[in-house]
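Two complexes follow with chain A in common, the first pairing it with chain B and the second with chain C.
Right, the complex of A and B next:
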């Protein structure tokens, strides 16, 4: 037996390079095996990296949310940028306690995602706001400064305002000089003249508010408003979040103290949107030069745009400086540029004429000499930031929160995805979210009831309102005394009280929570699946027993084929699951239920009302109160990239298998046909059919193993090389997918084995046809062929 | 014969309107403005409700304070409790929003949705149609049981309003404003409003009646399922505090 095998192996090795066809087949197997090793490592690592990015920054291993929600949870927002329409989790603290009982659950962090506008206002608005706050605080003994401090601060802010008025007056002069004076609003001119006068400032303290209102209403609107900024935020128990997600790193400032209100801003957002635009452009030019781009390259449109905008838009800097600072900046720039120009804007334009030669020097000068006089960021650590959001109960909600720090996630520093959302405390999140509580709803209903307004539909509006004879009668009415609102202060804490209050854990946990991240002690894929099932079982315990009639009615709809295909496919497992549950076994799982809910929603228009009602009742009876989903499901579209990676990998394997199947099959068939005489001779001298079959199989196995293993080894070497050098994230967006600045594919022994086994399996499958041909060769045929 | 006479009469009457010179149309607008002008101070208690599909209704109560002589306006929200103390202040061309939750002022625009509803500042403020718009007659139309004059108004240059083009339907008999449609610059219809109840109060300072719409029904033409209702519950023409139209006054309400 072994001697026969040894003979077959020797024949196989002797024939290995015996024909060109063999070499061709070998090369295909070589590249196939190498591709499987590299592709497997690449996509496997991408899969792990993306999961690391998502799990480590937001979702944890699992997410839970209310099963009453109208839509699926997508923590990064939906495709259109809006947030999922979720119902709040009722009784979060009880849910948290329940989940923490499971041995593998490490933490449960409450969350809610939403977006808000950042308070707007131009430079003058912001400066006048400071001045108003100074005078307002001075009236209250609790917040008043000493007279000397107040005077010093007020004079400094006033100096800044006067400087800005001076600049606006200069602009007006230029307009007049250019002969376009008719475009000057006389009211604006009068306001500037008045507010620039000595008399205005010398009488300021006599009536500070009247003076401020003149400035706010007449002067401030002359300056264009600052950009309106939109910020996404994740409301959470900041203390728990900071402990759970250890990739979070505070790069400036500090963590939000336990129980305090506060916000942490992502570094990416701070740099991209809050930084002084001229400075940000300088940074971008620096980064571009470091990446090998040249200022001299006029075809680099983006770089040229940054250069141009810096030269033409120095105003943001000019408006920020008061009189003394302007003088200092002018002196410094005159010296640096060897210029006699006295106008700061003109000097800045010259300064921003950058070349590859002067860039480094000017970049250094900007940050060393000019930046210390400027507010480089619109909001900085320690500031109070005002966020405005359109609340769920209608109307705008606003909160002011202190910026405690700037954060980034380790390895995801440049990722726009990871750096898109700020972190805000749960109490502020709830205020911004403006959830309609039952108390609020009752108050609104009472208000509606007292007004007793008739409802009018759009369709019938004109007939209802103007169709009758008594419509639009002008009614003589009498004055009635309207009582003024005396004070609205009893309803709310002051901003100062809110800022200093420490909220208890119960206050943080008890209230609206939209979803929660569950992190696990063992976060391996198998453990995630197992713990998810445990949580589902735990939460399913609260379900009522299935209603037999509803299940039967749903089954009938299915049997009668009254349901559209997709809905029938989704309903089947749920109906079966409910039958199982009625029998005391496990019911349908969350994936089945969520799929059914989606299908029911999508097909609702095609169902007759009775059928919809039956299925909806089935759904309501079968679902738990809380869904538990994996991190990739919670990540929505972003999480689906994982499926895309897996699909690509499967596609690669299938494509390779098909190519190999065809090439090996044809190759070995040709090789077999070429050796008809040899096979016939072997048969003539006594070789039996099994020997011939064994010979062809052994030759194929040897060919596959030699080239397959060689290919796998070359693939492995490529992976080791890529791991050592790393594939750089050439776009910022890739940071998130790579979970860092470079993707370093890991070599997995399983990948090696898989590639060789797949190659072997496909080859053996492909060799069946040639084997069939070989065994049909009769000795006489072979001899005739040789004659 | 009789019908011919009636028809001829209507034709000539219609022709008379169709030939209305621009000055007459401006007078029609000025009449609207004068009727609603308070001359002295004006205060009104207002109920505001907005319905949107799949959302809870927005319900508010607010007090309007107006001093038309100085073009000043304050809107102070009084209900529900969570909105109490929030307000708007119009000074010159500026519309300020104050939120006592954060103690801050924000300058908003004419397009500001008051209290998050589809109402605009102009729905609560004095009427300035003749000052802000140039009119032209579109024709005569029937609106329910009413014969109306249909006017198209275009904003004058340099004036900032929420909608640059508006169309009005005025009752031919009483000149009451019944319907108003507002368009964006692109010509897209944004809102349709109805004024089904007009009321008037005699003002001592004006020595004439002050007219105000008992209610306004606004239908959103962009989000078709949204509608807003403004009900003017009562009006008080007593003199107002001299310092009322200041930021300090609105701040003091919630300090």
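Right, the complex of A and C next:
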């Protein structure tokens, strides 16, 4: 036997380079194996790095949320940008304590994601606020300025406001000229005319607040570029969050002190949305130039757009400067540009005519000379900013929080995804989201019913949205009773209280939490699965025993084949699971239940009410109070990228397998046909059929192993090389996927083995056809053979 | 006659091509004794190869009995036939049929490996002896492609004899060789026939080759028209060559 094998291997090796076909087959296998190794490493690493990004910045390894929720948890928001409709977790602190009992659970961090309008205000708002503060301070002897100083300052600010109104009026004229007059709101026009008038300003001091109100309510909203910024935020126990997600780094300012209210803004958001647009564009042009792009390149559409916009949109700068500053800026620019132009906007336009030659100089000039006069960021560290959002109650909730710092995630600095959401304390989140725990909500409802007041009227909501803290104050006065009651139950504090109060851990934990990140000590994929199962079991303990009649009724629906296919497919495992549970074994798992719930929701319109009722009752009886899902599920669409990677990987393997299958079977078939004479001779001189089969197989195995292993090794070398050099994140979006500025694929021995085994498996499959042909070669062929 | 190594009785071989039946042998009977050195002669298409295929157990008769080394080949399974070929028969082909990727030594060793009876040392001894006997031992490490036709056929002879078969079959072993080399090959075969007592059955057109045979079986049109001495056969062959103008050199 052994000697036969020896001769087989000998023939196989001798044949290896004996035929061109074999070489061709070998080359395909070589590249295939190399591709599998490189692809496997690449996607495997991508998988790991994306998971690192998600796990390390938001979700932890697992997320828990209420099973009463209408929708699935998607921490990054749904496709349309809105948030999942979740029910709050009731009794978070008990849940946390329960989960922390499991040996592998490291921490449980409460969370809630939502979005809010950022009312940092536009330049007019800010200027008007300055004016209002001047008048307010003047009333208080402690803060009052000397009359002369007050006059000077008030006049400067007023001049600034009039300047802006002038610009607005000019804009309005342009619109009218363009014939799009119907789009002009007559009320707006009237307000502008009025506030631009001499009379308005000469009577200002008689009734400063009434005048300010008019400006704030009518003029300010006209400034479209106030673009109400939208910001996503993650409400969380900031202290626990910072301890758990240690990639978080404060790059400016400080952490929110323990127990305090406060917000941390992502650096990406700060740069992208809060920075003065002209300055931001300058930065981007600088980055582009550093990346080797040229201003002179007309085809660089993006770069050209930045250049153009800077020239055509100097207004943001013009609006920011008051009279004195404008004069200074004009002088500086005249000197720098050696120009006689007196109009600041025109000067700025020519200043922003950038070329590859003058860029560095002007960039420096901008930051050294102009920037000090400007507010580069609409919100600065230390500011208090007002977030406004539609709360659950339907009205606007406005919450002011102090910006403590700017943060980044290590390695994800440039990632828009990681930099999208601000971090806000849990208490402010609850207030903003308008969420109360059910018992508190009931209590408050009772209180409200007794006072017969609406929580927020429409009018007030408007004032709330566009007004400042004073507007909130108005609301507060109007609804003082409710507010008092709310305050009594710890729901509302004054702004001052809010800013200084230190909340206890119990206060942070004992409120509404939308979902919570669970981080694990061992975060390997297997450990995640295992711990998830443990948590499911732990939480399933609270389920009531399944109702036999409901399960039977559901089974009947299934048996009668009355359910739509998808629903039937999802219901099956749950029904089986419930039967198991009735028998004292493990019930359906969360994935099965969630799939069932989704299918039921999707098919609800097609079901007759009785069937729906049965299945809904089944669902309600089978589900736990809390779902526990993996980080990739919690990440929603983003998490599905992991599936996409895996799919691509599987696709690659399948594509390779198909190509290899075809090439190897054709190749080996040709090689076999070419050797019918030899096979016939061997048969004639006494080789049995199995020997011939063995010959073709051995040859293929040798061919595959030699080229496959060689390919796998070359693939491995490529991976090692890529690991050393790193694949740079050539788009900012890739930072998140790469979990850093470069992807460094890791070599995994399993990848090597998989690659070789797959190659071998495919080859052996492919060789069936030639083997079939080979055994049919008759010994008599040898007689007819001619060389 | 149990002593006869080959016994053919009333054998008919027909090839079926679609619906046409081509008769290749039409009732032939032949007895070959152990140690004979016989030639099968006859014009092209007379059925020489067909007959050797039947004796060589690579094909079976349509009717009649073919007994090789006492075994009725018609009753054997494909597996048993293969085993019979391995143990009892040796083959020398017109176009040598050496395994191109193996060396001379490895080609000759191959049947022994298939048999798997001898140990490594014995095997080596047997192979080297035979290579020496056919005068090719100096080329043991060469590939067939590096040898001349005559040398290749020597290797083929060594391979055919390495298992010490009872019968060696050779279908026109000299057809691809020039006449001097061809005669040398036949001489070699004859020499081995005498030294080892192996039965040789070979077919040929060539009267110069025929004359070395102990006796010649003459075939025509699928029938044996006589078994005669080599000299007589040569006469017949020359005669038929005169009859049919152009000289029959090779097939």
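Here are a few things to note about the model shown:
Everything that follows uses one rule, which is that the second predicted complex is superposed on the first by the 602 of 787 C-alpha atoms of A that agree within 3 Å, B and C clash if a C-alpha of one lies under 4 Å from a C-alpha of the other, contacts with A are read in each partner's own complex, and residues count from 1 in each chain.
Please note the rule applied: contacts are C-beta pairs under 8 Å (C-beta built on N, C-alpha and C of every residue); 3 or more make two chains touch, one makes a residue touch a chain.
Since the structure is predicted, the reported quantities are computational estimates derived from the model, not experimental observations.
Once the two complexes are laid over each other on the shared chain, residue contacts for A:386 go to chain B alone; chain C is not touched. Taking chain B and chain C in turn and counting the residues of chain A each one touches, the greater count comes from B.
Judged by the touch definition given at the top, the superposed model places A:399 against chain B, while chain C stays out of reach. Contact with neither chain B nor chain C is seen for A:230 once the two complexes are overlaid on the shared chain. Look at A:216: by the touch rule set out above, it reaches chain B but stays clear of chain C.
Once the two complexes are laid over each other on the shared chain, residue contacts for A:6 go to chain C alone; chain B is not touched. Touch criterion not met for A:772: it reaches neither chain B nor chain C.
Of the two partner chains placed by the overlay, only chain C lies in contact with A:691; chain B stays clear of it. On chain A, the surface touched by chain B in one complex and the surface touched by chain C in the other have no residue in common. Residues of chain C touching chain A in their complex: 49, 52-53, 56, 58-59, 78-79, 82-83, 85-87, 89-91, 93-97, 99-102, 106, 110-111, 113-116, 159-160, 163, 171, 176. Put simply, chain B touches chain A in their complex at residues 43-45, 47, 49-50, 55-61, 63, 76, 78-85, 91-94, 99-107, 115-117, 143-146, 171, 174, 176, 178-179, 194-201, 211, 214-215, 217, 219, 224, 227, 229, 231, 233-238, 246-248, 251, 253-255.
Against chain C, the residues of chain A that register as touching in their complex are 1, 3-4, 6-7, 10-11, 14-15, 18, 677-678, 680-689, 691, 778-780, 782-783, 785-787. On the chain A side of its complex with chain B, the touching residues are 119-121, 125, 129, 132, 136, 209, 212-213, 216-218, 220-221, 225, 386, 388, 390-400, 431, 434, 436, 440-441, 443-444, 447-448, 451, 453, 456, 458, 461-463, 465-469, 471-482, 484-485, 487-489, 491-492, 494-495.
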